[in-house]
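Down below are the structures I want you to see.
There are two complexes below, and they share chain A, which is joined by chain B in the first and by chain C in the second.
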Partner chain A sequence: MTMRSVLLALGFVAIVVWPFLVDNTFYTHIGVSVWMFTILALSMNLMLRMGQLSLAHGAIMGLGAYTAALLMLRLDVPFLPAFICSGLVGALVAAITGPVMLRVKGVYFVLLTFAFGEIIVLMFIDWVSLFGGHNGIFGVPRAELFGFVLRDRSYSYLFALGLAALAYLILRWIYSTETGAVIDALHDDEDLARSLGVNALGYRIGIFIVSGFMAGIAGGFYASYFTFVTPESFTFWTAVDALVMNILGGIALPLGAVIGAVMLVPLPELLRDSQEYQILFYGLILIFFLKFLPDGVVGVIKSLSTDSSRSLGKRFMKILAWRQVK
Partner chain B sequence: MSGLLEAKGLVKRFGGLSAVDDVSFSTGEREILGVIGPNGAGKSTLFNLITGTIPITAGTVHFDGKDITGLKPEQVANLGIVRTFQAATVFTEKTVQENIRIGYQFNQLGRPTSLFNRRRVKEFRRKAESLVTEVLDFVQLTSYRDRAAGELSYGRQKVLGVAMALAAGPRQLLMDEPAAGLNAVETERMGQLIKLIRDVKGIDVVLVEHDMAMVTSVCDRILVIDRGRLIAEGSPEEIQQNPDVIEAYLGVDLELD
Partner chain C sequence: MLQLTIQIAVNGLTFGLIYILMALGFTLIFGIMRVVNFAHGEFYMVGAIGILLLFGTLGFNYYLSIVFAVLCVGLLGVIVERVLLRGFVGRELNSMIMALAVAITLQALAAILFGPQEQSVARPVTGVLQVAGVFIPRDRIVVGVIALAVLIAFYLFLRYARYGLAMRAVAQDPAAAALQGIRPGFIYSLAFGVGSLLAGLAGALMAPVYTISPFMGDVPMMMAFIVVILGGLGSIPGAVVGGLLLGFVESLFSTFFGSTIATMIAFGMVVLILLFKPSGLMGRAQ
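Entry: the complex of A and B
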């Protein structure tokens, strides 16, 4: 065994036994949040890879969260089906709105998804009888898998970790198949792709549906983990967080989304006492990365391990190009 | 003898400008049809209309007897009309062989639902390897197989663009200025390749080109477009002697454009 695989194995074991290692509810909670947002960041990674930055993903996660909460509380649906429904609702929303929203690109798509997301959040706030208004919904039952209730945070941690790992493997698989080639082509040169026969809109909708499912699942987990759901957790800031995670980690690989979540999620938890500096800190990190490390952490690792690294950060800069061009 | 493609009364207006103005033509079987005209004559726009890249103002396009007016680019491509672009368009971050595989994939698995057809996906994967090898050999890019497309010279990128179009399995190829930006030797080779595409692959070609020497040596028949209008049609010899054509090109250096 090489040094590298020993380190990887140790890292893997450390991640799995983390809650038992630290034996501290606060650190375990941070771990749970990290893996929960990893799912959202991975779902955002799918959108970014095909060149469409969605600000509706926070709201889609919210729809997943309210779905799970309402199904369990109002209709006494058991956790597992309710949880799966939260993903299905995310997918359904993508399937319905995708054919309209995905016709536009660049800044227009960003604005459209922003508006759509905020409408969803307004719906959570104003439809008090169903969604409970600003107070949201309290008393959501905890996750229960095959008769075993995840009352202990450590078990929630393992559940979240499992979900994140699954999402990660699914993304790896998608990118390695023919769909991955389409996603890259849609981003790089859609006209060329279509001239060769790709139904660009169809693929975009399909990818949005998968991404929406994952965002919904993140929400379903949220509801049962926190046992309450409030509207302000799902504004466009949540989508921005998922975006920033991808920038920090690098969007070229799904691993980037994971690394980004690991870097970003603990920050607000650790900086709780100095909230006013939090946004400033965010901004500084973001500027630093965009300016000096446009390929994120993954880009740095890549350029260290290969001599001829082609700039994958260009991909991201292209998405952001509307800021200069439009 | 008649070919697959037939355009009738095609019109495209951009605001007040008639970029394509009542153009009708049809292709012949196993024919290389040239389309020439000064800059801004409307040649690329004509291709964009046929392939559904931009909406048609008036007129119809038929392919193999079927009305394809208003179809989307991917639908047109799936029917067998594949175009190449005026600029070198390849996926620069992919390797040469990946680009060709993509050309084949995008035609075979163009619809996302086709991914659920496991038999079809398996068949694609089984055939892809040998098709890539064959196309690479045909366009003589075999030695660049694993190079990133973006690292190739401009001329080879344009050849790769043609290779991708071939991999998509066209029955009718529309080539927009394949020789633009190429040097004399590369232009000569591109001309040979176009002839081979017709002779060996049996694919009909419509060729938009500025390089008069290439057009007259490669094409069987030539259409001349000026300010959106079809002003002449005939064999290369007839076109070279046509007074209207000489008039339209007056003061325009055909060779160097």
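Entry: the complex of A and C
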């Protein structure tokens, strides 16, 4: 146990000092991307946990990104209020559309959010005077916290890490409260939960709002980190990426979303020269996980740490019993 | 004004027939296997690449190339169903994600084998037919006639053929169908094979009209989505109604407001249908 906590502490320190450890802008950039997409993957985890896969989350992230970009560029709003607004816009979209969209279940919800998300992306493309069309918006100011501009990537890294950690803790907290139990109940047997007096739609809307806020925040960070936004970054494929991160890591725990992001986000950056092989690898690994490890990395860790030890213990007991008989 | 109306209607019909071809397979696969086939656009793409290879590079007869390419796509569909999707039948979310994985993999394989760039083949039929002031490209007529013929054949197959009947039976009630001695596994393969074959045919027909690339399937798949939701997921008459509706709406709005607005309107219709009548215009209530 002490060995494990020492390892955990070391890992934690390594994650925090990563940019200073590698001292390489490229690897630091990968780290920033990882934590940025961790936020989106976590927001997707909330949706998956209640059994409603949203393909609009890429577009909601995009709304956050465009909000931050437009507020800072056109209205000279300082970073922090603009950044918070990007989250609020995500939450607002969820609050407005949720009461109607969340009545739809299963595949129909997936297709509904798919269509809704694509409409938003088409709006980015078509409304050129506001959103800049295919070219998007360039020259977004960098993040600035309390008069300190995050010009250095290392500081962007720490900011992204902090946000991801906060999102992770919020998810852990939600899942540990009664709300978490209700979400799981809604996923497992909604009729039963409703017969016990649970306001199913109300809980779903609440979770959707939190999830939309997180996706918007991820977008707000995106805008200020890359300093540009284009519509192509926010199609349903971005939501699919967040979904795949959850599947590879495992949907059962928020940690799965984090693991998935750490596994997946570096891939396109590291294999930049051979994009086709990168996509192929992405597809094959997804097929492999779906077919052989449907519970993701978290599932593997769980089965290793509980089942095998139990079966080892069982085997040990059997040997003891056999000896006594002899 | 009348000429413009007829022109819009003709354009709508030529769009609509291809949409129906795409949507029929999609809705057939969902109706029978409850799989939302996110890889449907990729079978369209493979059909087009077949034409690029057989007709463009090897120089075979265009119509012969279509037949051969389409059969290959059908076979590919059967293999994909048998190896990858069979275990997920009935589990809607997981099978959908598996179909996404298949889509990603097929796109990547096509990009590796044929290059990511856009390519084109010579048009086997050229020229424009002018009837009473309405312009119809001749290649669109060929596409329309072949599509229509296949649609009628498909309808007759479902209506009268032994296996067509079996497919409809499984779609209605798998358990009762199994009691009648219909093997669901075989029907799954057949449905997925026929579905991808139809998508491949759409791709093969459109290959000379548009450019060919590994990512060309995204838009037709989206159109199939829209059509199928408008008509009702799993409903065959719905796919026909939805396809024609989408074709006309697209033709009408892109004539007056541009294609982005037309697509936006189509998605808007999808959202409204899903919210107020999720079973679609022609679908059965669940």
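Simple rule for what comes next: the second predicted complex is superposed on the first by the 306 of 326 C-alpha atoms of A that agree within 3 Å, B and C clash if a C-alpha of one lies under 4 Å from a C-alpha of the other, contacts with A are read in each partner's own complex, and residues count from 1 in each chain.
The rule is simple: contacts are C-beta pairs under 8 Å (C-beta built on N, C-alpha and C of every residue); 3 or more make two chains touch, one makes a residue touch a chain.
What you see is a predicted model, and the numbers here were worked out from it, not measured in a lab.
Asker: Quick check on the superposed pair: does A:111 touch chain B, chain C, both, or neither? Answer first, second, both or neither.
Answerer: second
Asker: Hey, is it chain B or chain C that touches more of chain A?
Answerer: Larger number of chain A residues touched: C.
Asker: By the touch definition at the top of the document, which applies to A:84: first (chain B), second (chain C), both, or neither?
Answerer: In the superposition, A:84 contacts neither chain B nor chain C.
Asker: Once chain A of both complexes is superposed, is A:195 in touch with chain B (first), chain C (second), both, or neither?
Answerer: Only chain B is touched by A:195; chain C is not.
Asker: Applying the touch criterion given at the start, work out whether A:179 contacts chain B, chain C, both or neither, answering first, second, both or neither.
Answerer: first
Asker: Contacts for A:125 in the overlay, against chain B (first) and chain C (second): which applies, first, second, both or neither?
Answerer: After superposing on A, A:125 lies in contact with chain C but is clear of chain B.
Asker: Can you list the residues on chain A that touch chain C in the complex?
Answerer: Against chain C, the touching part of chain A is residues 53, 100-101, 103-104, 106-108, 110-112, 114-116, 118-119, 122-123, 125-126, 240, 243, 247, 275-277, 279-284, 286-287, 290-291, 294.
Asker: What residues on chain A touch chain B, complex-wise?
Answerer: Touch residues, chain A against chain B: 177-179, 181-182, 184-185, 188-189, 191-200, 202-203, 205-206, 310, 312.
Asker: For the complex, give me every residue of chain B touching chain A.
Answerer: Touching chain A from chain B are residues 51, 53, 72-74, 77-78, 82-83, 85, 89-94, 98, 101-103, 105-107, 109-113, 115, 121, 124, 148, 150, 164-165, 168.
Asker: If you look only at chain C, which of its residues touch chain A in the complex?
Answerer: 36, 84, 87-88, 92-94, 96-98, 100-109, 111-112, 116, 222, 225-226, 229, 233, 258, 260-261, 263-264, 267-268, 270-271, 274-275, 278
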